[in-house]
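Both of the next two complexes hold chain A, though its partner changes from chain B to chain C.
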Partner chain A sequence: MPEYRWPEIGTTSLIGKRINRVDGPEKVTGRAKYTYDLKRPGMLYGKMLRCPHAHARILSIDTSEAEKLSGVAAVHIVQEPGTEIQWAGDDVVAVAAVTEQITEDAIRRIKVEYEKLPHLVREEDLAKAGDRVKPFTEQVTGDPDQAFQAADTVVVEGEYGLPVVTHCCLEVHGQVAEWEGDRVTIYPSIQGVERVAGQYAQALGVPASNVRTLMQYVGGGFGSKVAADRWGTACAQLAKKAGKPVRLMLERKEDQEVAGNRPSDFARIKLAATRDGTITAWQSESWGTGGPGGGGSPPIPYIWQIPNQRKIHSAIATNCGPARAWRAPNHPQACYLTMCPIDDLAAKLNMDPLDLVVKNVSLLGPRAELYRQELAKAAELMEWKKNWHPRGDRSPGPMKRGMGLSLHTWGGGGHSSECQVSIHPDGSVEVSLCTQDIGTGTRTVLTIVTAETLGLPVEAIRLNIGDNRLPPSGNSGGSTTVGGVSSSTRRAALNALEQLFLTVAPSLGVSPEQLEAVGGQIRVKGDPTKSLSWKQATAKLGVASIKEMGKQPGPQPNPGELTSSGVGGVQMADVSVDVETGVVKVNKIVAVQDCGLIIDMKTAESQVYGALIMGICYSLMEERVMDQLTGRMLNANMEFYKLAGLADIGELVVHMWTDPEQQRRGVIGLGEPPVISPGAVIANAVASAIGVRVPYLPLTPPRVLAALEKGGMV
Partner chain B sequence: MRDQKNKPTSDKRKRGISRRKFLKGVGLGSGVLSSGILGGPLLPEASAVAQAAEVEVAGPTPAPIELTVNGQRKNLRLEPRVTLLEALRDWLDMTGAKKVCDRATCGACTVILDGQPVYSCSVLAIESQGKNIQTVESLAQGDSLHPLQAAFVENDAQQCGFCTPGFVVAAKAFLDKYPNPTREQARLGLGGNLCRCGTYAGIWKAVLEAATGRRDSQRGIGQGGGSNA
Partner chain C sequence: MKAFEYAAPSTKEQAVALLGDRWEEAAILAGGTDLLSCMKDNLMAPSRVVDIKGLRDLGGIEYNPQSGLRLGALVTFEQLREHPQVLSRYPGIVQAVEGVTSAQIRNRGSVGGDLNQRPRCWYYRNGFGLLAKDEQGRSLVVDGENRYHAILGNEGPAYFVNPSSLAPVLIALGARVRLFGPKGGRELPLEKFFTIPKTDSEHENVLQPNEILTEVLIPAGSWQTATYEVRQKEALDWPLAAASVALKLGGAQVQEARVVLGHVAPIPWRVPEAEKILTRKTITEEIAMEAGKAAVGQARPLSQNGYKVQLARVAVKRALLRAVQGGA
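Presenting the complex of A and B:
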């Protein structure tokens, strides 16, 4: 059995280098076919009639006029009369017709009567939430009362918060469904091609073996695309009734309202330190909503193991579209709610926040030393010590400049995964597993791992993914994909190579263990003159291909293994604020990020760049605005639900942490962690610039101006 | 109910209105019938339209529409409310341009219309007749990428890739107009497109690099907005 390790650092020809995304050409040419782009023969277009009320009971549904419309092929009632609807935009009736336009006409002809029920859609004021508040139990560590009152203690108190934001994937949620007898093929827009098949089987009441799921490209997910969803099953029902394939993609408005969001979190926080800057106590009362289910509890204080704590969290049930995992669930909120008070504490202590963090670094747990080093690196890249000033930029003119910092952590251990690597007699190589590339570079990583292991160029590898008939590999969630699939692929490739060595060793007159695969050759270690080209070697297979499996059980705890868990990073931001207009401009963000062994430096860096930009979006612009009167989302579109554009991003500096010790930890996921800190770094930089805390994200001009008007806590 | 597809063309004539005028009128927007924009000699026809609209709740029937896409004539029968984006995607199966916001905000649907970049989600197919429509599909020649596309790949200016074709087309139109942009011009000139994965840093670099490449090679390939540039 081969030894399942990564190649020695410094010996690789592809791993850790800057390799182009292998599916880049398909994407830049527009040839990549996403679910939204699929057109199956005879395909119909599906749409959903949705409930306009935030809380209501369906009294009656009349679809007769829609059914009479020429071109309409199927109508399917998703939620029957009597059902209580919990959020505006929930699915009621699905329709399929020959064109999208006729489907729209049909939807307009459906008559539904509702009994309206009282709703709550806003949660930022805890006092107004009434019986919708579900408090969790209070948690106490140490003796917070004593710690807050101890002599020589400095205390800061403040309120901080982040609103609900949506995923706003550019490809909306949806799928194509196509039946052949009692077998159904679903083309989903999904982060888990394999797992979603089982969900369809269950919802449709067909044997799991009758469901095929296929997807090559998905236009973003960020955590929101892991379920079949009611609209998915409805699409399959329409296809069955119509006897034709149906494509049902959500409208942008619907996607914003019902297809996922990140829970809000608000908190009243008290934080104490001794006068010399030793952090001693934390107290928080926090609340937030993730829709009807309430929402999760952010892990605060984030990372910091403050000895004395009292905290209580309440979830508020609102009549809003339910939350879904949003890139690093709960962490951006927890990070913001922790790192902002720490920054305020530094201001009150008249300390540079970098000094405060370094002074208390031992509270950062097992990763403390790495954080210290990463802080130093980030400070160097930001020229922190040269540029830092006490809170409030005193320079003349309306443009005020400031800097902020934050740190974060994430798991990211590889999920379980199985892979098959085939080596064919003609020399071609196939890698097959049911994973998906959600834009993170999974295809590229798998290609690199196989090519590196077999000593071949990336072009020699053919990859099959996105089909639930391939060996199973989990959802792309929790940054668990890269660790899992790169490990199973490494194992399968090593197993396949071992078989090839067994076949060709006799012809080179050596034992299989003496062989290596390098530069397109199978050669004898230490004696490169004894070699076969890859094609000569595989020709010796005769007519039988090698097909070998690799199984990765999940993360492995020991150093030197293929994947482990736990990453971290430090970020710093430099912003300018116009105190006359309240406009915040990001000048620069530095991100220092560790993530174990990096397979492709180019796409890894892209993950961090992308996370920083998404971070700028939620720090400065993004906010779901709910209207309590109508119970509807007011900005369920992309004009008023703002995302940053190219002109908004400033200079981004990404530094991947690649010391040998980290690389020996194996491959660990990266997609989520760098999106955690931007809220805190940008907000802290704004406070540093203007001298007062703007307590709530996003840092829009009205909020900045309001904070300036009120003055500050410092 | 009438069958939209097989409706005989002759019954329009009974109402004394040419199909083309009828559809153009409606194509201007839904307010047109009531707002009196159709005045003068068109008035009698407009009232015929109003009558027809009363009968036909489902809307005007498909009409012959000819589009010139990447230098090729395409003959379609489309309802006048069909947008250029829908015509390209649902009728011509040219799916490089994406539907994302459907409201002229994100640029994922960008195509070049007579040399100008437009949001094709907000242009009717019927209004695009007689114009030169250039889509992302025209840029690469087989496996050989347009230099701008190559620069996108080289700078990893795509993640999920859903915004990418729109960005490529917008960048192409931008560079056709500003062959030697400054960093600042590029920063502002590419502001009409949105990306959720956050690929702006790569896009910015790619566009500047592609511009430099053009200056260096000056072969006239890929410039000037010709339909297959």
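Presenting the complex of A and C:
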């Protein structure tokens, strides 16, 4: 059995280099087909009639007029009369017809009577939430009362908060469903091709073996595309009834209202330190909503092991579309709610926040030393010490500049994964596993791992993913994909190579252990003159291909293994604020990030760039605006749900931490962690610029101006 | 979207004959960047769509020092931005155009469409009606989410803001519009074109369902213009508040001033109070600030849009300074 390790640092020809995304040309030329692009023969267009009320009971449904309309092929009631609807936009009746227009016309002909029930769709004011508040139990560590009252203690108190934001995947949720007898093929837009198959089987009441799921490209998920969803099952039901394939993709408006969001979090926070800046105590009363279920509690204080704590969280049940995992669930909120008070504490202590953080670095646990080094690197890239000024930029004119910092962590250990690597007699190589590339670069990484292991160029590898008949390799969530699938692929490739060595060793007159695969050759270690080209070698297989499996059990705790868990990073932002208009512009963000062994530097950096952009969006612009009077989301579009464009981004500096110690930790996920800190760094930079805390994200002109009016510099 | 008949006339007489007496009968299609969204969202459901892009005499930009500037209704934002005389003589127009940062909308959106586009009020766009009332007839805006709504001219029942970026600068330049209907043409000052509707069935201007806006005429005259928009972001978005100014200068002194606010009232909002302050003054930071203050003297913000008073004040100040300094 081969030794399952990554190649020695410094010996690789592909791993760790900057390699272009292998599917880049497919994507930019439009050859890559997303679910939205699929057009199956005879395909019908499905749409959903949705409940216009935030809270209501369905009294009756009359679909007769819709069914009469010519071109309508199937009508399927998703929620029957009597059902209590908990959020506006929830699915009621699905329709499929020969054109989108006819489907829409049919939907308009359906008559549904509702009994309207009282709703709550806003949660930022805890006092107005009434019986919708579900308090968790209070948690106390140490002796917070004593710590807050101790002599020589400096205390800051404030309110902070982040609203609900949505995922805004470039491709909305949806799928195509097609039956052949009692077998169904689903083409979903999903983060888990394999797992969703089981969900369809269960929901449709067919044997799991009858469900095939296929997906090559998905236009983003960010945590929101991990389930079959009621509209997915309804799509399959429509296809069954109609006897034709049906495509049902959500409208953008629907996607915004019902297909997931990140829970809000608001908090009243008290934080204490001794006068020399040693952090001693934390107290928080927090609340937020994840929709009708209320939602979970953010892990605050985030990453700081503050000795004395009192905290209580309340979940508020609202009549809004339910939350889903949103890139690093709960971490961006917790990070914001922690790093902003820490920044305010530094201001009150008249300390540079960098000094305060470094002074308390021991509260950061086992990662403390790495954080210290990363802080130093980020400070260097930001020229922090040169540019930092005490709160409030005193320079003349309306443009004020400031800097902020934050740090974060994430798990990211690889999930279990199985992979098959085949080496064919003609020299071609196939890698097969049921994973998916959700834009994170999975295809590229797997191609690199296989090519590196077999000593081949990336072009020589053919990769099969996105099909539930391939070896199971899990959902893409929690940044667990890259660690899992790169490890199973490495194992499978090493196993296959071992078989190839066994076959060709006799012809080179050596034992298999003496062979290596380098530069398109199988050669004898230490004697490069004794070699076979890859093709000569594989020709010796005769007619039988090598097919070897690799099984990765999940994360491995010991250093030197293929994947482990636990990454972190430090970010710093430099912003300008126009104090006459409240408009904030990001000048620069520095991100220093560790994530173990990096397979492709380019796609790794891409993850960080993307996260920073997403971070700028949720810090400055994004917010789900719910209207208490109508119970509806008012900005369920791409117009008043604001996202940054290129000109709003500023300079992004990404530094991946690649010291040998990191590389020995194996491959660890990276998709989520860099999106955690931007809220805190940008908000802290704004406070540094204008001399006053703007408590709530997004940092919009009205909020910035209100904060300035309360106690800013003008 | 309701199924509709598509008509592509080639003369304005034909076009007018294809329009109806009621808005439901027909809609004019220019670039379609607003009309199609309204139809898809079922805010407008015309039985016929009359595409006017084939009407030759609705195109073209003509500049003549004696008669001024003529803009055909079909002139696009991008054509304005590329026209040499517009560029050199009307920076206030170009600045308004450049605020629209989407190349697609600049290439497609027309002058006539910009002046006739419907409000972006999110209650209206979500199907709660132009005047956004609940079942009891109470305004949804007043007690609801009104951060982007009007701070001036908002006595009700209309609280939306006029969305046009071109209208304020064109009004500041004293532009007139020509309308063509079944009884022939009529001409009126652009300032008088916009109206504040009192009922849901009224529109935001005097155009009749069977009329077409055919051209915009800017009289000759040597005006220094500038537009300043406060935008939260640079990627495609709407201004939170904007001001366009036109100044007739004698030396450094203002002989005559026109100040028009955008995105703060249901119509482009001309502010004589600010204009008065500027007359016979030299524009300085202080005077500009004073004019800004005067411009919002009558503002009556709603529950969430008080900040727009400050933004409008700053927009006036910055537009004035821009007009006399040129450039930024």
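In this text, the second predicted complex is superposed on the first by the 711 of 714 C-alpha atoms of A that agree within 3 Å, B and C clash if a C-alpha of one lies under 4 Å from a C-alpha of the other, contacts with A are read in each partner's own complex, and residues count from 1 in each chain.
In this section, a contact is a pair of C-beta atoms (placed from the backbone, for glycine too) under 8 Å apart; a residue touches a chain by one contact, two chains touch by 3 or more.
None of the values given here were measured: they were computed from a predicted structure.
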Taking the superposition on A as described, I'd like to know which of chain B and chain C A:639 touches: first, second, both or neither. both
**Asked** Thinking of the overlay built on chain A, is A:620 touched by chain B (first), by chain C (second), by both, or by neither?
**Response** second
Who does A:629 touch here: chain B (first), chain C (second), both, or neither?
second
> After lining up the shared chain so the two structures overlap, which partner does A:33 touch, if you call chain B first and chain C second: first, second, both or neither?
Replying inline: first
(Q) For A:430, using the defined touch cut-off, is the partner it touches chain B, chain C, both, or neither? Pick first, second, both or neither. (A) neither
Query raised in the report: Given the touch rule stated above, what does A:23 touch, chain B (first), chain C (second), both, or neither?
Result: first
Comparing chain B and chain C in the superposed model, the one touching more of chain A is B
State whether A:611 touches chain B only (first), chain C only (second), both chains, or neither.
first
Query = Where does A:218 make contact in the superposed view: on chain B (first), on chain C (second), on both, or on neither?
reply = first
Could you tell me if A:69 is touching chain B, chain C, both of them or neither one (first, second, both, neither)?
first
Shared chain A footprint, chain B vs chain C, residue numbers 101, 105, 637, 639, 643-647
Note: in the complex, chain A contacts chain B through residues 20-21, 23-34, 36-37, 39, 45, 68-71, 98-102, 105, 168-172, 217-222, 251-252, 438-441, 602-603, 605-607, 609-614, 637-639, 643-647, 649, 652
Contacts from chain C onto chain A in the complex sit at residues 1-3, 101, 120, 122-123, 125-126, 128, 134, 140, 143-145, 147-148, 230-238, 240, 304-307, 310-311, 314
Chain C partner, complex, touching residues on chain A are 101, 104-105, 580-583, 620-621, 625, 627-630, 632, 634-637, 639-640, 642-648, 700-702, 705-706
Within their complex, chain B touches chain A through residues 1-5, 57-59, 79, 81-82, 86, 89-90, 93-103, 105-106, 108, 135-137, 139-140, 143, 145, 149, 152-154, 156-165, 168, 187-188, 190-204
